[in-house]
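One structure coming up, written as structure tokens, with questions to follow.
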């Protein structure tokens, strides 16, 4: 069963085609990698699925329902979650409260339930000292908070946008374990990454974007040997 | 500390409520003006917490005033009822305008609100049969026959209402929504927040408060007019007060209102013609040097020295 | 290809509609045509400097109309104290307000340039209030008018008499529009300004002095608006609040035309000017003319936001 399906999805910005005819399926409970050189359209893809941009052409089906025109908050309610590359935590709110926002508005939990959920999620991800000010957090902790925030909306499909960026070797390992932990909860995951080791370890399948088009699809092993993919990356390290 | 807060409010309210017992008419009048501006300053700040500026306070203030006055004159409802209905009218108008305009935010919204006072003024002037035209309308008598204690309590109620709404916004999920929307709308949307609906709702509620305040004002002075009811004072002073006292809080606009209210009494005597200039200067200085306002700056100093 | 022919089609349609409109108005209400045109140019010539600041410096100046008001009072004062005709006063006004613009930029405006739009709106609002109250203090709120003979010049075509002095606004609009286009496209300073407007960081990288460009553009805009105030003084009575509606109408025009579209401001001001005068021509409804710009802004916002739905 495909939890998410796109049909010839396109998004133009002025004269630039950020996405062209992208047709992808996310199978239930899989971890799908989305890779491609810089500017290939990976984040745009997430933005269009999440509803930040509406498609200029094509359709999006989530759990067999067409959501192409739905506003972003409605898609969140349906179960599409995502993290942001550039995390901007809410000033004036503590760590736990930042996560609570997702719980409060993702599925409309009451304040007490939302707080409990936020605390549970932080524990799940290994975040402590929840009352602290968000200005005193490490890079890894901020990423975990961002993931907790997205998880708080109780997504069925979660997009992780370059969550490994800027992490050292140890932190990357920890994050990989966390992603597996999240996956075991039954959440389908779409992971955008530049760090190929992560993609290799985590994903069932991989989709390669270049100039807004899908140029390859399949298990990482196959795709990484595809000459078109290699050309697209033009020597980007794996 | 959070548990003592309602107690603190009750004490303050009790003190304020019993004020007529031990002060005279002059103090009550000054307090009354302060409370009116306090309500306006709070309503402005509440919308500001979502990241939007409204320059339309004077507009909705006047709408509430005219609404209350005309309803009272034409249907004979009790003045208090007409004040509430005047506020409702302002709220409904804001809801309509907001629904049309809040899809584009920032300067587009702000400038539309800036035009509102003028627009409402034009409408009022052009329906003289209904509104009395350019000369305005006089009410047969001021509410409570001008009894200063009762009018003071009326204004105190309006101000207490705004404080209550402000605190509700601060301590419920609305606080999370507003903070999120203000910080980054895209992230807010992705958290499941219907940004547009929240903004329209907020705009309607804060404008209704402005309308209620305007309705009370109209009945207290017994008079509505295009120039007086929509005066730019009702936009300028609340903004200066909120900026002076500190944005994004309940205490900030309250403190700002008290400080500027008292100061303005002196100013009116010293510089009768240009004292409004001071408020403009306060706004400019506040934006340039004190974006946190008095309360914000003091609050930060407190945090640094370790108390609280 | 289909996009180009669609555009050609809509231009064609617009041209035909405009011609029909002109003919109809010309025969039915010629006053509306002439006075609307004159009025439109007044709006345009005030809006263009605001558009310049918004497009290049990136700041919305809510005190824009107040600088025009001060320009009017400036010309008035020169007239009262040294008997200078306000039209002659355009030259000292340009100089004086260029300096005033520089002072405003250096002392106040530049500090909010990187900051959130909120701060800019509040700051310029406060500035507008200060300027209005300053004028109130110095000259009181009593409307002032200069009794100048030449402003009542008129001409007659057949049975239709109209004021000809007001064509000065048309002249001013042409001068400013052409002047700005030449400045922006032909001079190196102007091209630098355009570059800065498009991409301040990129401009800095190629060595353009961004702050100086902002200073120049801002001061130029204030100078123009002050000079226009001098012209305005000749024909209208002035009072401290006279500038405020022009700020809002200028913004309306910029919103209609789109930021950066200088020519568009001219066309949009024609729409506003003609529409206002059209309403003014109906006796009982004249008072409603001042609402038109508001209706237009709301309309523009609603249309724009639906375009943005494909966001």
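In this document, chain identifiers A, B and C correspond to the written order of the chains, with residue numbering beginning at 1 in each.
To be clear about the criterion, a contact is a pair of C-beta atoms (placed from the backbone, for glycine too) under 8 Å apart; a residue touches a chain by one contact, two chains touch by 3 or more.
Computed from a predicted structure; not experimentally measured.
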Pair with more cross-chain C-beta pairs in contact, given A-B and B-C: B-C
Farthest-lying chain, centroid of Cα atoms versus that of subunit B: A
Rounded Å distance between subunit A and subunit C, as computed from the means of their C-alpha atoms: 47
Whole-Å gap separating subunit A and subunit B, where each centre is the average of the chain's CA atoms: 43
Distance between chain centroids, defined by C-alpha means - subunit B, subunit C (Å): 32
Sites on subunit A at which at least two other chains make contact: 52
Interfacial residue positions of subunit B with respect to subunit C in the complex: 48, 51, 53, 55, 97, 100-101, 103-104, 106-108, 110-112, 114-115, 118-119, 122-123, 125-126, 232, 236, 239-240, 243, 273-274, 276-277, 279-284, 287-288, 291
Subunit B-facing residues of subunit A, complex: 50-52, 71-73, 76-77, 81-82, 84, 88, 90-93, 97, 100-102, 104-108, 111, 114, 149-150, 153
Subunit C residues within the subunit B interface of the complex: 60, 62, 108, 111-112, 117-119, 121-123, 125-134, 136-137, 140, 244-245, 248, 251, 255, 285, 287-288, 290-291, 293-294, 297-298, 301-302, 304-306, 308
Complex interface listing, subunit B residues touching subunit A: 172-173, 176-177, 179-180, 183-184, 186-187, 189-195, 248
